[in-house]
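The following block contains the structure, expressed as structure tokens.
Every chain is named by a letter (A, B, C and D) in the order it is written, and numbering of its residues begins at 1.
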Amino acid sequence: MFVSDNVSSVSPQVMEAVVATNVGDATGYGGDEVTDELTNTFSKYFERSVTAFPVGTGTAANAMALALATPRFASIYCHQYAHIETTECGASEAWAGGSKLVLLPGQHNRISPEIFRAALSRIPRGARPQAAAPAVVSLTQGTEAGTVYPLEDITAIAKLAHEHGLLVHMDGARFSNAVVKLGCSPAEMTWRSGVDVLSYGATKNGGICAEGVVIFNPEIAKQQGFLRRRNGQLYSKMRYLSVQLIALMQGELAEKNARHANEMARRLSKGLAAIPGARLLFPVDINEIFVFLPDEVGRRLTEAGYQNRLRIDHNGPHYRFVPAWNTTANSVDTFVAVASGVQPKR
Amino acid sequence: MFVSDNVSSVSPQVMEAVVATNVGDATGYGGDEVTDELTNTFSKYFERSVTAFPVGTGTAANAMALALATPRFASIYCHQYAHIETTECGASEAWAGGSKLVLLPGQHNRISPEIFRAALSRIPRGARPQAAAPAVVSLTQGTEAGTVYPLEDITAIAKLAHEHGLLVHMDGARFSNAVVKLGCSPAEMTWRSGVDVLSYGATKNGGICAEGVVIFNPEIAKQQGFLRRRNGQLYSKMRYLSVQLIALMQGELAEKNARHANEMARRLSKGLAAIPGARLLFPVDINEIFVFLPDEVGRRLTEAGYQNRLRIDHNGPHYRFVPAWNTTANSVDTFVAVASGVQPKR
Amino acid sequence: MFVSDNVSSVSPQVMEAVVATNVGDATGYGGDEVTDELTNTFSKYFERSVTAFPVGTGTAANAMALALATPRFASIYCHQYAHIETTECGASEAWAGGSKLVLLPGQHNRISPEIFRAALSRIPRGARPQAAAPAVVSLTQGTEAGTVYPLEDITAIAKLAHEHGLLVHMDGARFSNAVVKLGCSPAEMTWRSGVDVLSYGATKNGGICAEGVVIFNPEIAKQQGFLRRRNGQLYSKMRYLSVQLIALMQGELAEKNARHANEMARRLSKGLAAIPGARLLFPVDINEIFVFLPDEVGRRLTEAGYQNRLRIDHNGPHYRFVPAWNTTANSVDTFVAVASGVQPKR
Amino acid sequence: MFVSDNVSSVSPQVMEAVVATNVGDATGYGGDEVTDELTNTFSKYFERSVTAFPVGTGTAANAMALALATPRFASIYCHQYAHIETTECGASEAWAGGSKLVLLPGQHNRISPEIFRAALSRIPRGARPQAAAPAVVSLTQGTEAGTVYPLEDITAIAKLAHEHGLLVHMDGARFSNAVVKLGCSPAEMTWRSGVDVLSYGATKNGGICAEGVVIFNPEIAKQQGFLRRRNGQLYSKMRYLSVQLIALMQGELAEKNARHANEMARRLSKGLAAIPGARLLFPVDINEIFVFLPDEVGRRLTEAGYQNRLRIDHNGPHYRFVPAWNTTANSVDTFVAVASGVQPKR
């Protein structure tokens, strides 16, 4: 429980939409009406015309988006603890033709405009053939530390990027969680702030197996057909993926799911933080909590059957908890009670 | 209609299984019980212990299977009109680290043991650094021409391959269609005939977006985790893909669906072949028909609203029709009637 | 003897030029005066401004030129027996980002404009995402069969290529041999006929370890710095490679060397063709001979210590002989005498 | 002057050896007697049987060595300022099939055993499919900061590496400079300390365009033929590269050249360090000097025509000077005098 939002089931509305799609034949490989509708839905959702298509996993979304944004091979700037660096087995480098991730530091897993500016000031070196040409900066929103970039930081970084000829990618694995946290529109958090291409996360937020690649910058849309085919992401029965994304955007289901997950995280973090000796590692902006817990708390959780592992990394030993769209307040309260030693058994 | 089996909808039993899976949380990335069950189901289905996992597309299945079967980069033997050569935008070459497809001729899209033996006799050249080392031969069963390899050919080719240190891959995009045509067991058509790794096709046969990679040769299973992650094929909510494959194998649904599609193809081919001037290009072993039709037949079909395009390639101008698991006898008969000029409107 | 022109030593003028360059320090990585002079020499040699640089091997020249001419990954048209297909272990595919060679047939290892036109007519298929986008056609001049393309064929193929948005690469491993055969200028055989980028061969023609990449189309010159560095072809002491190419172009040394090699090939082919039962496989346009020889001729050569191996391929059993710039008429005559059974021992 | 040891000319003995090799024909692609002798020379030089071959550049040597040492794709540990990270445009990642460099910190560009041990302790994460499997650690000896690893550090790091299933690569671009500094044997600094594969630097030390790849671990030698061909490093007239390496190893020419360069660096560093306000950034172990110089010193050097650029990086503003095998004591003294303001004009 709370191991990841990946362990959650699928939103009933998404599943119903998939079932409802299952009528008759439809043109393959995205030529179907549902996928046409997806493009319209994305364009409405982002208040402008976009090129967009579904892929099957978050890694595929990031690697595809970054491949689109880089010529042949190039340097991709990202945070040193970005998911594309730590957890995707070199997918983005490989799909982008052998690109190089350039790792930047930054508090709470956020690259600050100052750090990015300093990195860009070293580009003169980078632009010589010794290094691959800088081509793109990737921001995770919300971050892998459960924080969010304020809009002004995205805007400042994007401005710097564009001034130096780089494009801006947003890894939005938890896109909706960040949107509801900031209370802004999807458009404001993306192209209005300078984002060129987005990995739109849906699976963690109630989908089955669908993420969106949303291209705001029309100049990088050209190779998408080839890249999708070559990377095994051109789905023959695409309507069943497209409809998942539509269902999430319709009626603000994505925002509702994300808001709930964020709330459960706040509830959980509040409960855990009240335990003597506990300490939150980062602000809890979205639905991820990183927390130091005294040994006896961990023991109590283990004894009660919770499977969360102690994590040891540059932050020291800690736990990570990720409530999801389907987490109940009751399950949070029980967990906190167990952790606090109040309730001996769940 | 009949444009491809890709345009078909999803088998009700598959959809029901997906819906039934949607209960509660489950460990991500394949650690769930359904995916455990998938391994068992595949092992029972193939009458031996296998390593198997779902991927999202047929291209992903082939590219993954071939990447597993090749070291770093290598030569992959296949028919000159194999799907991996003509239709996958270099996916297998790229995923296998920059491998090279070596194209072999052969009637009805089948490599004969004789042709393969002759190709292997030229390996002395191939084994020098001038060419990438030969590593695998890929057979499509049923073929892209709608034919099937007899078991003795698979066995003979696999024997030759193994004698020369090559492995054997089977592209089973229409695996079940071939199994029911041959009346053999899945085991007989694969590892009992010498196949080392299989792309098990499910999407065309009633699935949503799931294919299986089935590894019979345990020596090549080692890198699968890395390759799946890097290529964006490690699904977080894997249970929803795994259950599609289970549903198809349970109760012989895959065979029922495939048998029906084959029968509809036979019915259609019989009807079309009876039209004066029509000529089948290949034996109709499975659910694909390639047929030359006189100009007026094409005109009649177009006028009646059918969208099949005239194809022009090395076989000359012709049409391709692919009935699916959900094709009705009635729709076939109507189509034939229109084509024959018997019925003016569908 | 006659095994390949690769076995020859280095032209005295080339070696002298290298020795003469060995004075004092010089800026590294091509910033030196000799490399500046190379650009001038190439520009004069080709009667127009070019971007050009030395690389170390013929494989490097071809792979680099093709990487420059293709975006990310793409289809590269070439003859089915082109060196880039048969002998370079997938270098061009790999350097060009995972491109695909599309093999074309053609008599005497030449693609005819008709065959190329037919291949291009199938591009509608190719331009869909199923296949990598066609980007370049590669012609070997003189061919791997020892023949040359007439200028009108190069022109016709280049015209077709450009009309379809493809670029034209020339593999000039035996460039000078073809130039002297045709009696045309280097400009006429390249950019005046529509060639966009050339692998200029020097090693076989009296160099040590230097080939030139000559870019006529300025649009594809941009990524050369990155590609050279990444592929290990940015030589720190570049002057020693540049001067080899200069020495060959100065005073028409390249043409002299090539003319001599061609003459020795004609002398040899004439001698061998006169042996009863012998049969030349191809016209002898340059310095390569492919010839069927009766068994007893092969035996005589082996007994006399010649190391030429019998080759067995699609042309049947035959021998290949490649005189070089340093082959003497005497050695040819002795060889023919031995082959003819006139002289028992060399 | 002192810009890099790359700007130096070629040792007379090396050039003479190349000229002396230029007699008659020789089997191509390394089948010649000189290349046979190279293997013997390397084996004697390293006091054990090795597999070794020449390549054309330092980048090629590193990328080739690392490709040999990694399966398909993998993680390569190196210092964050290693040449393979900062200056080779992703060559090692690309040649090694899309590998990932994992950057480690460390004073004076050296990875300490402690830092490496800490990195390895995080491998449990790395060994899961999220990250490419750790496969090799690359040490630069002497380092990019002009320092050397003591033998005990190499040994300790190699021991840790082997315990964790990793191999050890040494980037020996300035191999001989380190050997003479340590006063040890080439064997002691490599395989006796646990090195599995070496990039043996020759170009900077008096060669033309030759580096050696020396494989001590026979298990990784298998794919070298394919990798050399594919990466354009299989030289047809290999004897001319092989002989450069032989000439350097014979009569300890490499050590003599390196010792001289080191001495010139010491002389230069001593002279510069005596200038008021100057400060050496690192110990001067080999022939590289990194030094902070007051503004007026830079001005004096510029006015006198020296072309050394001010470098600005994480070390702050500084200059880098690299005497070479052919640097004269006189030129050092003049340079120091100019820098010191003693002598107005060189």
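The rule we apply is simple: a contact is a pair of C-beta atoms (placed from the backbone, for glycine too) under 8 Å apart; a residue touches a chain by one contact, two chains touch by 3 or more.
All figures in this text were calculated on a predicted structure; none of them were measured in a lab.
With steps allowed only between chains in touch, the distance from chain A over to chain C comes to 1. Interface comparison, A-D versus C-D: the higher number of contacting C-beta pairs is recorded for C-D. Remark: chain B and chain D have CA centroids separated by 51 Å (rounded to whole angstrom). Centre-to-centre separation between chain A and chain D, using Cα means, comes to 41 Å.
Between chain C and chain D, the centres computed from C-alpha atoms are 34 Å apart.
Shared interface positions of chain B, i.e. residues touching 2 or more other chains, are given as 73, 88-90, 94, 98, 129-130, 132, 226, 229-230, 234. Residue ranges of chain D in contact with chain B, taken from their complex: 71-73, 97-98, 128-130, 132-133, 223, 225-226, 228-230, 234. On the chain C side of its complex with chain B, the touching residues are 73, 86-90, 93-94, 98-100, 103, 122, 125, 129-132, 313. Against chain B, the residues of chain A that register as touching in their complex are 1, 3-4, 6-10, 12, 15, 18-19, 22-29, 55-60, 63-64, 88-91, 94-95, 203-204, 208-209, 226, 229-237, 240-241, 324, 326.
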